[in-house]
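In the two assemblies presented below, chain A is common to both, partnered first by chain B and then by chain C.
Up next, the complex of A and B:
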């Protein structure tokens, strides 16, 4: 398989920067996507002395956008101290946005189209768009298109008869095609795989403990810039315990019935589900030459990536299970197995998402029937999993998560390689709305 | 569930056209539904339950229905049931187009069953080739196959559409009239001479027929065969949050403004605690959620109705590949083998409807 990868030059990860992630409605109230992404970008510029620098491209996005947020990333660049001639564009792939941005820019670097780039993302729940309903919107548009005052009034008359049309629509995490929230979708997958409450709480506990330890050890000192009075992710609970997590009431998965007609236990709580969060992240990439010419650090190579989609709409697969399909393809392309991976960065949308992914890879029937593998894909060594915490502890501002993980993974493999003198690899896996999965392979440079 | 749908399949699949003993009556235009309802309501008063139901042997036909003008109506329909806006008429819209003609048969003085209180038990529709806005259609409707139901008589209202003489659509709506009965508890040979009669009659006696009607609550449970195992809902794939307004909205696009769908007051008059969703709305929404791309140009769409959906209401839905739903007859694994859908009250086990969408 390895021969099918065309030979290109390397794209390297130089470093990353993010602002602390804040729980929704708290520190970053009245802060826009653009404010946050500009802050993350400026921190990156400051860290690597890029003031006035003309970069090849800045790419990123936000999942929840106000209509004013068109050209969000370009506007952020214009508000940064990068050279205004630096081009930029927005992309969006739900929670995969940040990682997909990294894939996009590194591909251009590998092909020699650009020498340097920033990829990242931003999202805010506190400054989320509120829209008017379709019926009011149609009436307003019709009035707007009307040529006479009479026609305008005629277009708006139905609104008077339907005061309910005035109710605003707030964004939620519901899937458009199913009407189920992401948590409800995951709860169905969780039930199918029989994932226990205890196993989920354990993942959540380790996420908080690992992220807390990493902060205490200074791991994030060169990855995070304080913002608006926040210097650490405020969702982090260093003092949480299995007992505290066990006390929380289930919020997803109530009312499900097993094959035998007995109710299935609801296991997903606010403790083992990722909270809604505000934040932004940015990662600096370059060709090796570009980095070395500027004496910039080269932490890791962004080796390759693979995306996947699943049909969750008809329940054949779980909404967040696409990474389970993407990773085996990614590793096969490089002749690697799970044993060859030193760090697994599996985005914790929910603790259960991580656990169903791991369970799927260990399941012989699933791997054969759904993934087309000869047998079980393999077992993930838990001591290599999200070693410095992940989204359950840090929070998950949708498009900002990819950048957080890429920077963490690059630092981890760099340190490991320096310590052992051998190459180290990290596997990144991010699930996303719409049954999408975005995965990437990072290797020490 | 599978067995029930399977039996329906066997019964309706090979037939086409009305029984040969029927005569065709041409109507110039499709009659307006509103007037038919008034006539149906009035006529129901005189149509008393009695033994020996005999159906009128008549086919109503409208020879030339021009669909050029339906574009706006179609877009409204598509918006309400969740179909993507397009110029192709979904099976549910063809049902709406032909429904007045079938209703006209049912309000004839010699149609023995009262329109009021009739319960829609099940519906099977087939689209043989796509019908587009602008196609000129001949439509026909008639009643056939009056047969026993343990709570009365069930009858099929059949509607067919042709474009350029070629069949494009066939819909069979099965209704229950409670209290009525047929001779010998089975369909009469003179009324029913379809080629698969033996199969259908063979399938009938042991067949489980759902309780379709909610107002007649006394029949629930007590009326069910004791051997019937409680239904177990599958894991849901979707949830519908149906607002009160969906009744009037579907009423407007379908023409079916039965008071039980339009307001709580209207529903209470007929014994329902609140307004209920049109069964055909819920079935049409399931069809829409499978979608044009997966059902293909030619497809069969079935629905079997149980307890009605009270509005507003949350409905848990499972729309699955037939092969995933354990439907043994699935012609292929994955989406190519068609879909099975189930809908029930969110978080409970109260079943609303089930059905299939199968590419032909």
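Up next, the complex of A and C:
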């Protein structure tokens, strides 16, 4: 079933930069998406000496955007040390934004349309847009279009009679079609797969331990540039323990019942779910020639990518299960199995998201019925999973997560290949709102 | 950024300050692209024996489009920008009198921010006592004259070693540095300069063109100024600082079209990281060991962490990096390390810091022959009181006194250190090796 892959040139990953991720409402509370993405770009420019460089393209986005940020990435480029002639555009695919931006620019590089690019993303909960309700909005727009003062007053009069219209609408992580939050959606999937609290806490604990170790080892010294007085991800708890995590109260999945109507245990806590986070990331890509002409390091090849969607609206599939469908297609295209992967970078939206994905791949019936595979897809070697931590520890500023993972994966495969003398591969998987999944394959170069 | 007293003493209260006998710090002239080397004509005087050397110096200066004079007469309202005293061939102490007094006669005609530079030979092993006295005496003369000059004028000496000719590359480069505004805060110093096979042509505007320089501790203060000055002089710069300083570091990198390297210089693999960062730019040519910390305490109250961290950052890291670079076979490397006047004159509360900085002076002298074998040099610069974020934390009274102590009666600017370092890192300074140049406005004590 492997389809033929057209031969193109390589797109290589040169390096990355992000700002430390900050819990919402803390260090970056007065910081905009543009401030953060510009900072991520500036750190990247400084790391690779790209001042005045005319790049092929800068692509990225934010999930939560103020209306003034219609050209967020271009405005960030203009505020950076890159050549002002560097084109840019915004892209948005919920939590898949950062990785989708990487796919977009590497495809252009592979096709020879551009030689170099930056892909990334930024998100802030602390500076999220606050919108007015539709009724007030219509009244304001009508007043704005009015030609006379009288018409203007007439347009605004209804507002006086409806003070409730003045209540602002803040963004949340609720799914527009179900009204359920992402956590509640995952809780349903978690229960369906019988994922235990202990298993989720273990994923969370390892995320913190791995990220902490990576920081201590200096792994992020050339991946992160401090920002606004923060030099490490402030969600990271190097001293957390299974006991501490076990003490937290469940926040999602309370009131779920089984087929028999009996209540199911709520297992998802603040400890094994990602916190709302602010941050930005950027990754530098190029053709191999472009990198080599500038003596820039080539860490890895961005080999291929696959996206998928699932029908979660009618309850057929879990909201965050799309990567489970995308990865088998991606690997099949390259004749690979899970055993051929050295590093699994599976975004931890929730610990349970990782576990339900792994469980699905091990389930013969699921793989046959839902994924159209002859049998179980396979088992992920846990020692290769999120080896330097993931979103549970680092935090998850939606659009910034893809860039964080791509840069980490590139550095991991580069080091592994240097150590073993053999090619190393990383699989990246990011789930997203709307039942989307974005996955990619990275190989040492 | 002139300190507030210097502004006060140069404003409307200048006559009062003078009448009260208060210190009179001058506004120092600093280098600006395109401005003349000196503030006025340059007088060259010498003892009789050194007359032909004085001719050679005159020829060099004339080649720089300087108005060179051989007699002290001045037109009305005219003032000398500098006086060069050539004593390179003096053999008897009695022979210096004429030239020294001739210089003295011109001092009232020396402009503010003027320069006195002596050219003499270092006493060498085997010198007859008379010759040794004639040569050694110059040092005391220069140091005393530095304390007499006013209005931001300085006195410094080029001390020829190993038979260097007065018009050899490094000698004239040092003469030029002392004459220029780049040495604004260097006063009362004698710099030994040897012969060298330096470059034939020197681009005085971009002396570091095409060079790759690594500057540690470059996120702020003196390090950032060094990076900027290196870039101004044409070098491609890798700026290094600890990861937590990364935000300021990347801003410095982007302002100098350089590369930021987040690295703790005490890391075991620091030298390899530095080499790797310099490689894409063309390979390491210049290394400035600027990273340094203070952890002041009286020795009676000193704890191990305060002592050890200062030694680790200020001294041990330099030794480890230098050793690794030599082992890696880096050729022609120009190393400039940051020492301190604390390491020369001592400073209460800084036994750890002074140990580390005196240690830097020591290892610089010992490293010099090792790097010389591959065409490199190792030198140090010892700053005095420099106006930085670090010294801004010193209590006001102590800080104010510290400013008044040197002959120039003010603190220096980070760029003053940077200028000295860029000079020592340039190819024209190849004849200077193993030396420590003080940039301290002539701090009261210490050699």
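Please note the rule applied: the second predicted complex is superposed on the first by the 442 of 445 C-alpha atoms of A that agree within 3 Å, B and C clash if a C-alpha of one lies under 4 Å from a C-alpha of the other, contacts with A are read in each partner's own complex, and residues count from 1 in each chain.
We take it that contacts are C-beta pairs under 8 Å (C-beta built on N, C-alpha and C of every residue); 3 or more make two chains touch, one makes a residue touch a chain.
What you are looking at is a predicted structure, and each value in this text was computed from that prediction instead of being measured.
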Combined model on chain A: chain C and chain B, fit or clash: fit
Contacts of A:261 with chain B and chain C, given as first, second, both or neither: first
Which superposed partner A:337 touches (first chain B, second chain C, both, neither): neither
Partner chain in contact with A:113 - chain B first, chain C second, else both or neither: neither
Contacts of A:420 with chain B and chain C, given as first, second, both or neither: neither
Touched partner set for A:43, first chain B, second chain C, both or neither: second
Touched partner set for A:191, first chain B, second chain C, both or neither: first
First (chain B), second (chain C), both or neither touched by A:8: neither
Vertex chain A; arms to chain B and chain C (CA centroids, nearest 10 degrees): 150
Where chain B and chain C come nearest after superposition, their Cα distance in Å: 45
Residues of chain B defined as touching chain A within the complex: 230, 232-241, 289, 316, 318-321, 324, 334-335, 339, 346-349
In the complex, chain A residues that touch chain B: 177-180, 184, 188, 191-192, 254-261, 311-316
Complex contact set, residues of chain A against chain C: 39, 42-43, 45-49, 51-52, 81, 218, 220-222, 224-228, 231, 294-297
Residues of chain C touching chain A in the complex: 243-247, 249-251, 253-254, 257-263, 267, 279-281
